[in-house]
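We just call them A, B, C and D in the order they show up, numbering each chain from 1.
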C-alpha cells in the first residue's frame, strides 16, 4: 500500500485539519470535529446539509460553500457519519427557516439521518430530506427506492444550494432537490479496486483485463463483469444504460457529469466524454453544460461514472448560478 | 445459580470487548468477501473507546451497555453505530432498575434490543443480516423461559441458536446493507453482522455463565 | 493496464476534443489542432503562453483562462509540443504587445521554444521567455539552470497571467514571472510509477515499501530511494529540502502548493499538508495562501509535490487576483 | 561505383523508415531503462507519417530528407522533432542542387547535419547522446575523403564508427536529456538516441551501398 498516511485511524481527523487550514476562505470548523460549515451566512434562509463517509474527495466536504451545502457531517472512510454529527450539521446550517438534508441512499446514512432528524425535531429544528438514488445499476427501475446515490448527488447539492440561496422555502428547496435527483441517472465502470488504509489490501477484486459495469462507490458489485473495452465502447455501454432508464429523449436538455473514481488520469475522462457527448448529441439530446473531472471518487479506484440530469427552466437557472466550493467553482 | 448481580456485570462487557478485539481481523475479512471489509475495524473502534473510557470505572452491566451503546451511536457512525447502539441501549433500558438479573430479565433485555432494532431497520430473518443471529437467540431465551429452563441451560440454547443463525446466513442472499447489491453473488459467504452478533452473544453468555457459577459458589 | 483508452496514438487528440467540448466557456480551439486558446481577449496587452507534454492534467491546457495563460501548445504524452505548435500559440496569444512564454526546463521544450521564438521573430512577434526551474531535487543549487520545472509553474502562470491582465509591458510580465519562479522551490516524492498508454508497462520502478524522494514528473529519478515513511516524516523531509534551498526564513510570507501526482487520494494530500503547514509555521514563516489538490500530475503516479513561493507586495497582489481556468479558479 | 543518383534515393529513405519501424519496441525499451520509454514511439510516429505521405510519390534523396525532417520538426515535437529534424533538413540543404551524390557530397551532408545539431543542443561527444554516434560517423567519412577511399569502403568505416560510438554510450554518464538526472545511475546502459542514430546511419549506408552496386552494374 503506497500511501501517504500516519495512523490510518486518524486519517479523517488529519485530513479535516489540513482541509480547514487550506480552505479557510470557504469553510470553517464547528464545535463538533466531524462537522464542517460554510462561511456563508444561513440567516433567514433554508440551510442545506449533507454528509457521508470519507474517501470520496471532493465529496462531501468539498461541496460546502456559496450556493452549495452549508454544513456537512463527516464519517470515517466509507462509513456513515454519526447521528450526532448529522444533528450538529443541522444545527450549524439552521438559520431559522429549516434545513434540507440532501444525502445518498446508504443504509448507514439512512439510519443516522433518521435519528438525527428526530433529535432536531426535539430541539425545534425542522429538517426535511431528499435521498439521492441516481445509480441505475444498483436496483431495477421498479425498485428505485433501493438505488444508491452516486455522483448525481453533486448536481442535487448544486440545485438545492442554489435554490436555498434564492430565498426559497424549505418545501421549495426540497422539491427542487427532489426533482433534480428524480431527473438524474448515473452509472459507473470500475477498472481497479481500492484499498482502505486501515485494511491494507483491496477488499474486492477486478481482474486485470476486465471491468465491472455498474460498480458502486465502495466497490459494491455491479451488474456485469466483462472484458476491458475501448473508451468508445465503455461510453456506449454507459449511455445505453443511462438514457433509456429515465428515459432521456430527443429534444431534452441535459447536464452531463463524468467523474473519475480517483486514480484514472483526468485525460482519460476527457477521452471518454468526447464519445459520450457524441452519442448523446446524436440522439438529439442537447447538452446544456458538462462537468468532467474528479467530482466523486473512491480513494484510488480506477474507473469513471456517467451522470445525466434532465433540465427544465427551474433546474437550468439553478445549475447556471455561480458556486464557490472546493469541488465545484463556477463564475 | 439463577441470577447475577447487575453491578458485577462489568466483566461481561469487557469480555464482549475482548471478543471483538480478538476477532477484528476476522470480521473485516468476512465483510471483505461481500461487503467493504471494514466491519472488524468499525466494531473494534467503538468497543475499544468504551474499554479505554471505562477500564478504571466501576460500572454495572446495564449502565455499561447503555454507555457502550451511546458510544456506538454518537461516536462511531456507519451502520453499526445505530444498529448495535440501539440494541444495547434498549437492552439496558429494559433492566436499568434491576440489581439482580435473572433469566427472565435477560430474556426481556434481548427481546427489547431486537425490538429496538426493528424500529430502525427493515431486515427480517432470512435477509442475511445480524437479525438472523439475534432473532433466534431471542427466541431461544424466550422458549427457555417458557420451559422453565435454568439460566445456564438457557445460555447454552441461546449460543446454539445464535451459531445456527449465523451459519444460516451462509446460504442466504443479502437483502440489506452493502452486500445486498450482489444478489445471488452474495450467497455462500457468512454475513459480517451476523458473525459479530454471534461473537458478542457468545461472549455475553460465557461470561454471564462465569458469574452464575461464582454466584452459586457464593451461595453454597 | 486498466485504462480508459481507444488507440493510444490518438489519446491526445481525443482528450483535446473532449476538453474543448466541456470547457467551451473558457477555451476555444485554433486552426492548429494542438493549440488551445483562451476566450479572453489579448487585444492591446501582453499574451501569456505555455506548453508541454500531455498527461499532467490539469497542466497545461487546464491553466488557460482569465488571468492565467492565453494559449497553450500541446504535446504528445510526456513529450514537448512541436516548434510549430509553440509558434502558433504565440500567434494566438499575440495582441500586439508581445508574448511571454512561460514554460518548464526540459530539453525538448527548450529546443522547440527556441525554434518557435525564431519563427515568431521572422513574423515580427516579440516573444520573451521564462524557464521554470523550481525542482530542487533535479540539480545542485549552483546549477539552478539545469533544474526541471515542476508544480511551481502553476504559480508562475498565475503571476504572469495576472500581471499581463493588469496591462503591464512585456518586460514587466517577464520580470514578474521570473521573480515568481526565482522565489519558488519544489520537491516531489513518488510512491508508484506510471504507465504510458502507448508503452503499456511502467518504464521505471518504485518498489512496494519504498519511496523515491525528488522524483520528476516523468519518473526522472530523484535524489534518494528510501523505505516508505509516514505522512509526517514525508512532510518533514520535503520541508527540510525546500526551505533551506531558497532559503525561506522566519518572517517570510509564502504561498504553499501541495499537488498530488495523479492517483494518490486527495484526502492524503490534506493529511500531508496538515503537517507541512505545522512545520512551516513553526519556523515563523507565514502561509498567506495554500493550494492542495491535483494541480500538476503524472498520469496515474502516486505521490505528491511540495512547492513554496516567497511573496513580496507585487507577488501577493498578483496571486490574490481572481482566476478562471479549469485547473485554478479563484474568486 | 562512385556515386548514386539523388532522384533514386527514395529507397534510402524508405529503408531508414523500415529500420525505425522494425526497431520501435527495441528503442522504447532502451529508452525505458534510463529515460521515459517513448523513443521508439516518437521516432516511429514521424517516420511512419513520412512513409504514408510519400509512399506513392516520386521524391529524391535530398527532397525526402527535407520532407522527413520537416515532418519531425513540425509534427512530432519532443526532443526528436528538433534534433533529427535539424540534422535531416541541414543534410538536405547541403546537397539539394546535386543530381549525383558522391562520397565528398555525402560526407559534407552529414557534417552539415552535425553542425546544425550543434546549433540547437549543447551536447558534445562523451555526453551520452546521439552526438556520440553521429560525430564519429562524420569523422569517419571525412577521413575516408582525405584518404581517397571508395564510397563503399567509406560507408563501411562510417557504420563501424557509428556502432563504436553507440557502444561507447554504454559506459558514459548522461549529461543531457531526461536520463541526465540519473547521474551515475545512467551508466551501464545504451543511450536511446545514440542507438536510433546508429540504426538510421546503418540503414542509410546499406541502402546507399545497394544503389552504388546498381550504378556500377549499369556502367559495366
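Keep in mind that, in the parts below, contacts are C-beta pairs under 8 Å (C-beta built on N, C-alpha and C of every residue); 3 or more make two chains touch, one makes a residue touch a chain.
Predicted, not measured: the structure shown is a model, and the values here were computed from it.
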Counting one step per pair of touching chains, how few steps separate chain B from chain C?
2
I'd like to verify one number: the distance from the centre of chain A to the centre of chain B, where each centre is the average of its C-alpha atoms, in whole angstrom.
34
From the C-alpha centre of chain A to that of chain D, how far is it in Å?
55
Take the average of all CA coordinates in chain A, do the same for chain C, and state the distance between these two points in whole angstrom.
29
Averaging only over C-alpha atoms, locate the centres of chain C and chain D and give their separation in whole Å.
34
When you check chain B against every other chain, which residues touch at least two of them?
none
Among all residues of chain A, those touching at least two other chains are none
Using the definition of touching given at the top, classify the network of chains in this structure as line, ring, star, complete or other.
line
Chains that touch, pairwise
A-B, A-C, C-D
How about chain D: which of its residues touch chain C in the complex?
28, 31-32, 35-38, 41-42, 45, 73-83, 120-121, 176-178, 180-182, 185
Note which residues of chain A are touching chain C in the complex, please.
2-6, 11, 14-19, 21-22, 54-55, 57-58, 191-192, 206, 208, 211, 228, 230-232, 234, 262-275, 277, 290-292, 294, 297, 299-300, 302-304, 324, 329-331
Within the complex, which stretch of chain A touches chain B?
9, 53, 75-85, 106-108, 111-112, 114-115, 138-139, 146, 148, 196, 198-199, 203-204, 216, 218-221
